[in-house]
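Presented below is the structure to which this report refers.
The first chain written gets the first letter, and so on, giving A, B, C and D; residue counts start at 1 in each chain.
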Amino acid sequence: MSSGEGGLYRSRLGKKMDEDALSYLSSLNEDREIFLEDVEGTEAHVIMLCEQGILANNEAKQILRALEDLKKKIISGEIELKGDFEDVHEFVESYVISRVGMEIGGKVHSGRSRNDQVALDIRLRLRRYILETWRESLKLAEALLSKAEKKKEALVLHYTHLQQAQVGYLSHYLLSHLDHLLRDLKRLEECYHRVNRSPLGACAIAGSTLPLNRDRIAELLGFEDVVENSIDAVSSRDFALEAVSAATIMMVNLSRIAEDLIIWSSSEFGYIELPDDLASPSSVMPHKKNPCILELLRAKAGKSIGLLTSLLTMTKGIPTGYDRDLQEEKPVIWEAFKETRDSIRILAKVIEKMDFKDERAYEAAAQSFAPAIELAEALIKHSKLSLREAHRLVGALVAELHKSDLMLRDSSLKLLNELAERVLGRKIDFPEDVFARIIDASEVPSFRETKGASSIGEVEKMIENRRKRIEEARDSLRNILKNLRNSKEKFEKSLESFLNPA
Amino acid sequence: MSSGEGGLYRSRLGKKMDEDALSYLSSLNEDREIFLEDVEGTEAHVIMLCEQGILANNEAKQILRALEDLKKKIISGEIELKGDFEDVHEFVESYVISRVGMEIGGKVHSGRSRNDQVALDIRLRLRRYILETWRESLKLAEALLSKAEKKKEALVLHYTHLQQAQVGYLSHYLLSHLDHLLRDLKRLEECYHRVNRSPLGACAIAGSTLPLNRDRIAELLGFEDVVENSIDAVSSRDFALEAVSAATIMMVNLSRIAEDLIIWSSSEFGYIELPDDLASPSSVMPHKKNPCILELLRAKAGKSIGLLTSLLTMTKGIPTGYDRDLQEEKPVIWEAFKETRDSIRILAKVIEKMDFKDERAYEAAAQSFAPAIELAEALIKHSKLSLREAHRLVGALVAELHKSDLMLRDSSLKLLNELAERVLGRKIDFPEDVFARIIDASEVPSFRETKGASSIGEVEKMIENRRKRIEEARDSLRNILKNLRNSKEKFEKSLESFLNPA
Amino acid sequence: MSSGEGGLYRSRLGKKMDEDALSYLSSLNEDREIFLEDVEGTEAHVIMLCEQGILANNEAKQILRALEDLKKKIISGEIELKGDFEDVHEFVESYVISRVGMEIGGKVHSGRSRNDQVALDIRLRLRRYILETWRESLKLAEALLSKAEKKKEALVLHYTHLQQAQVGYLSHYLLSHLDHLLRDLKRLEECYHRVNRSPLGACAIAGSTLPLNRDRIAELLGFEDVVENSIDAVSSRDFALEAVSAATIMMVNLSRIAEDLIIWSSSEFGYIELPDDLASPSSVMPHKKNPCILELLRAKAGKSIGLLTSLLTMTKGIPTGYDRDLQEEKPVIWEAFKETRDSIRILAKVIEKMDFKDERAYEAAAQSFAPAIELAEALIKHSKLSLREAHRLVGALVAELHKSDLMLRDSSLKLLNELAERVLGRKIDFPEDVFARIIDASEVPSFRETKGASSIGEVEKMIENRRKRIEEARDSLRNILKNLRNSKEKFEKSLESFLNPA
Amino acid sequence: MSSGEGGLYRSRLGKKMDEDALSYLSSLNEDREIFLEDVEGTEAHVIMLCEQGILANNEAKQILRALEDLKKKIISGEIELKGDFEDVHEFVESYVISRVGMEIGGKVHSGRSRNDQVALDIRLRLRRYILETWRESLKLAEALLSKAEKKKEALVLHYTHLQQAQVGYLSHYLLSHLDHLLRDLKRLEECYHRVNRSPLGACAIAGSTLPLNRDRIAELLGFEDVVENSIDAVSSRDFALEAVSAATIMMVNLSRIAEDLIIWSSSEFGYIELPDDLASPSSVMPHKKNPCILELLRAKAGKSIGLLTSLLTMTKGIPTGYDRDLQEEKPVIWEAFKETRDSIRILAKVIEKMDFKDERAYEAAAQSFAPAIELAEALIKHSKLSLREAHRLVGALVAELHKSDLMLRDSSLKLLNELAERVLGRKIDFPEDVFARIIDASEVPSFRETKGASSIGEVEKMIENRRKRIEEARDSLRNILKNLRNSKEKFEKSLESFLNPA
């Protein structure tokens, strides 16, 4: 399709646009993402125009037929977003005019400008992206919870500074990321309600002198409300900045899971093995099994940070009102959400299918110095040492063992007693059986008493509670989807009443 | 003060730390921001330890006295955060030990690690920054609303692409930014509740074997709840990433106001003049009056974007657990909020005190082509043209006037009629009085019919409604402050009962 | 095409890759940019393998024929980069094998891995992007110089803080950006020589046990040298980070030109008008003529900053060696250079075709206070005032005039004399004719004596000198292109000698 | 010190600046970095003014005495940069005036503005930062080279995807980072020559009408040339953007070394141990020895990325000319270089002092599958397999061994032969002795034939060559320092001739 002589909107401007300029300006490529949104938004606008008496019934009917026809062609792939148009808006309007003529088709844009129209399309599309991300997040949440349940008692070392810190449970590790994810979801949900508002009717920037019904369009398209102030409606993009921030914060945390799993996949750690169908070979090293998926996820978190930076930087310091700068934000928003949604999906698979090596992880814990802190705390409890004394004593014990390449489980209460005299200058009294259980990796977590600790009891409580919270998040999503479906039904009924009046 | 031989915690490590290494590692400088927070968090910890029987009453009393003493010295400036310590935590513990001896003082850190302690301090400090920003935002909101009321009927051009777009009201412009600000505040508020949770009791990463009462500490310090999962408590920083994202989104929007006002301050626009006490001179050009404050605000938005980038990048791809990387995040968080809070404060002054030149702004509107869109819409209403026809006709009118350097108000219905025949090939019928009123800048906004448009009626409705919404935001803040005060009182009563038992 | 059962490289890994995983992993989409590069790099590798006796002549011939055939199909569009491959490398090798069989085709990858191969492809492609950007930059340099010549004597106000600062020449403004651009070009040139080195032969990471001739491949492909250390060759991306930094710095400066021209296009400034074919209309406001091209350029500078952030963040903190993270960098590099190259091209057109309104700009200068600084300096020269006294006196003059809405040209020596007595407490002696010339906008620049000042004499000197420097930059480019052409010819002769031996 | 009534420059502006505004505006804090630079730049300006007859000898003498006095007080700490000044420039001028009176002191700023002055100061300070970074980089280069020499034959696994890839040498690893560092240095050097140019004499933006000698100032201050175009001189910051880009690229690579060493410090890898004086303890876990220095370095790379983002974003889209936005760039530049310089210094210590565990690293290599690729290549050489066949065969071997938890060194030629028949369907012929040597980790690198491979021969060549290249880099630095010393001497002689004329 072509725009005819020089573009639909060039009423004042004499010449056609320079070709380089048009190719530089045109957003047709990235507008594929909002092709359907633009058509549906236009349909809602037309219905409202007719209800308000701005379009005659017969005019609305013709225009809506053309739009329905276009929708089908888009879905079937029969028509593509191509040609010498600046954007999807010019394309769709030109299509309508080419089908029903200028006299009627020329009315479709009444009371509307591309400024409010593109804000509408972005909100419609972003809304969908948020919901898709939400759905995938629920799957990841399920995968984390379900793996935590299955592996509830699998021991693993908890690390700080990538140094072995304390013996704990894989389930506790997985639940910690589930909690992060639930906050991520909450952020997305709160943002959703700011996204889900209709800017249409703001027209160019100051509103219109035509008797538009802004609330009606909002209702037809499933929005919760309008963005009232007309300048705000066309000028603000905080809703998108917020959504992409939330997505980026998610990605940043997922990148930490990826980093853990990459390290755990190394021969040296060896805690997990990816299934063959999620691993990558080397083109030349026959022995390699690379966790490429996880490296890409880590990289995509970096990409997301850059995308957010782009968005913020593009918005910073531009005048209030619609500026063409905002056009560049569209593909960045799509990209950020596509990467996030797909990364969550793939990570859910990894969590579900990865083979955690219980034996190996147990052995690493058993051979570590990790119960040192519990030993120190037991010295507080049983030997009345202050933490600092206990810390000093156990520190000396570790240094001593380290010298002879021994681990904590190779030590003895005798050695501890000797060191106490040397380091603290006095004898200590410490129960033999406690000592034995403390330096046993599989026993030490059971000593933990605090809420939310890495212990079986706490893990069980958290599993139960988090199952409910996942269900709540699922319910919120279901409600939103139900509302959208209801709106959609009403919208289609309205549409139907025009296309095929009783 | 000095840490004694080689640092309090070097039980296992033999030597003192290398000087370059210590200076590279130490966060004492940036920990000034959390000096008091660290002491108060420690006090709450000590009270809880005693209530749980981990510290004797007498021990707690001595430690709390030392801490209260330290607090006074911090406030009076008598003591400074200096010396060969890695951070404020080592400093405070060393101070206590230096005052009450190792036997008792060495117990203060029982069941705690720097990992949960620093997470606590950051949350305490960030909580305060958010509330300060909130308070300043309310002042800015007031300034915008009150200016909008005072200048309700002052005309100004609304711009798109920095081109004169439509005639409207300054009040409408100000209200559009008020609406953005109210969303900014909502984001801060939602984030506040995720920040305001206590991580203490997570200890190093896996929780403690001492019978700590995590909820009690949360209560003493005014937190709404604990961060339950111990790994999550020490490892996650999404609460800070979110807070800084929200602050950055605010700054990005404020930078657009700054850009507008910088442009409006130019001789060419001349819509506003800053009062002398908010303007900067040139060191060499005697005639200059520079809007430096606004340029700095614009730059600080850029800085905020970089600070957010830093935070996200530092967090990306590091292993789960506490990593020292997180230390670098502290000063970035403080910086981001200081800049935001101060920028909001200064902008409130600018809005309040700037001199808007009604006459000049009116004249610019009157001389513009801006009513062209309303003329086109009137042609739809009165002459039954389609928007496209009307657009073409008015476009031709503008082109014609432009040729002879005339403006819309210099045009005539006669010319419009002639052009209609030439461009549309037919006569049109258009009422003379409507034409006259439409091309009159002071009349044209009154034609607007849509919700949220730049018209007196809509502006009045919005002013009234926004006054209520500001009040709601103020009430939310008041409630939060009240809760914090209540906690503080209980905390001080507990403290008192130790220090001066009845 | 399809990779056969489960991928060419899955010798150890049993199963096919999961579909979601493959779609997440695959870089086929972005590898379109290096499809030809990959084929040519492979051809050079094959020639070298044969020369080194690793491939038989007859084997090389068959493989090269298949590759030449593939090249033609790529150029004609007959074959597309699609299928279940991880990347272009697997695709090309699979193609060769499908054509000449596993026995011979299976040798094509000898001594090579995807790690050095992709580094090669990126360098080949980036090299081309840099040269394209260079060429466009020369056009922009020409446009700036040529406009500066044509408009040598057109007066314009120079601004600081967007406030009218001093009267000067448009040519001087244009030359300032030419100087920036010449530094941008220098940075690109220096970077080019770091990009233009061959990593091939590093194999996976440690080099190969086959007798590869790394220098020969470098020669065949027009590289200046090899990247010697094999780890460095596959692991480092500083060459790309540097190139994208240089491009981003360019874009950031171009965004300032865009900002100036957007402001100058406003009705209020009115210094320039874009030709119709470079301007955009509004869909609804018939009078609008929007500088959308320039707004997009400004936004694209923001995008570039984000792209650079992405690249840096993806590289930060990943282990030395090839990590799959690096795959994500490819499309970011292409995107950054495409935007830069196209932005430079379009800006050259804008500079060339924009209509600078001499009269309007002159009138603005004439009506300004801008000669105030020259008046102060003249008071130093002629009246022996210190700068501070002169600044104070002229400041008082401006304040006085401002009160009565008068401009500098409306003032009189008499007023100045009166103010001197009032402000400085003494009479001054100042020549009448100097006063008259100083407050005349068209005369004031001629008073300037410093090197590089905004004066006709200095502008002329700079125009002459910059013409030579553009020529030098063009010569450097020509030399590089000649070297590449020479290599290409030799390469093709080698190729020919295999395909059609004498 | 105080600025007197309302600021030195407020000739036109009536009132004192608002306190909040001044505190928001003032850059005194960050100007500490350029206090001395500002004084020295002013001295050079005064000498030139006098040589050009703009100041009398006696006036220059008095001003220079005051400035010399101020310099001494700055160095001794007797005077601090405090008070109600906007910046260091106002402070220094006010100081001079307070010492020698307005009549003479008021002349110090003749022909100068803060716009060119601050550009000068930034260039002077940045120049020094670059040279400091250069010097530290040479130390790190030395540390890498010297460690590579000492550990020339220490085996280590080279990793890709953090999976064991090939057996190689620690020296080769260290040299790869040396090569990166040498490119980093080259970038800094090239940038240095763009930084080292004098903007002074550009005055506000258009140059001055006083007979300033711009070249003379450049000479006095050791600059290579002037920034000719006066707009370019005050408006452009590409020199700083480039310098910070170069620093950030360095930091990003250093963060990869940090990541490697953090991973190598883990108990699981255990390749290195940090000396106690470079390691950090845990406050609560007595066994911990944390590589905090390296984690901070990694984080600081993230911070640098954010600082660069800030700089680019602040510069993007602001009008040409001096804008106050540029003020915010100063502290960001200092911060970026301080972090880089200090990180390089600390890393040099780590490289020098870390204890590489030869035995442990050897054992890991010996137990790995890493020689698989060399086995495949040997099959090409000795058994005439194609790479794909060899890859398949060795892949099968690895899979087989993996099943029984065996490593490559546990395998036999017999097994290989059996697998060949099964996988390839035919017998192969492979020399027994080659097989034995290939699967021996300490032998396998000696098979490598390519330039720059991880083999003793190549490592030795590279060590020798890189020693020369470090020497060259040192010579370049020495030359630059010599030139600066020469300029300094001349400058001091000039100064002396004023202060104490013969």
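Just so we're on the same page, a residue touches a chain if its C-beta (ideal position, glycine included) is under 8 Å from a C-beta of that chain, and two chains touch if they have at least 3 such contacts.
Keep in mind that this is a model prediction, so the values were computed, not measured.
Student: Weigh B-D against A-B on C-beta contact pairs and write down the one with more.
Tutor: When the contacts at B-D and A-B are counted, A-B has more.
Student: Test of understanding: which option in C-D, A-D or A-C shares over half of the contact pairs of B-C, residue numbers taken as the match?
Tutor: Equivalent chain pair to B-C in C-D, A-D or A-C: A-D.
Student: Would you mind pulling out the distance in Å between where the CA atoms of subunit A average out and where those of subunit B do?
Tutor: 23
Student: For subunit B versus subunit D, what separation do you get between their C-alpha means, in angstrom?
Tutor: From the centre of subunit B to the centre of subunit D is 33 Å.
Student: Note the residues in subunit C that touch 2 or more other chains, in rising order.
Tutor: 8-12, 14, 109, 160-162, 165-166, 203-204, 263, 281-282, 284-290, 292, 295, 298, 302, 305, 308-309, 312-313, 316-318, 323-324, 373, 387, 391-395, 398
Student: Can you name the residues of subunit D that touch subunit A in the complex?
Tutor: Checking each residue of subunit D against subunit A gives 160-166, 262-263, 265-269, 280-282, 284-292, 295, 309, 312-313, 316-318, 364, 368-370, 372-373, 376, 387, 390-395, 397-398, 408.
Student: Residues of subunit A touching subunit C in their complex?
Tutor: Going by the criterion above, the answer is residues 7-18, 20-21, 23-25, 86, 89-90, 93, 109, 112-114, 203-204, 275-290, 292-293, 295-296, 298-300, 302-303, 305-311, 313-314, 316, 318, 323-329, 332, 342-343, 345-346, 349.
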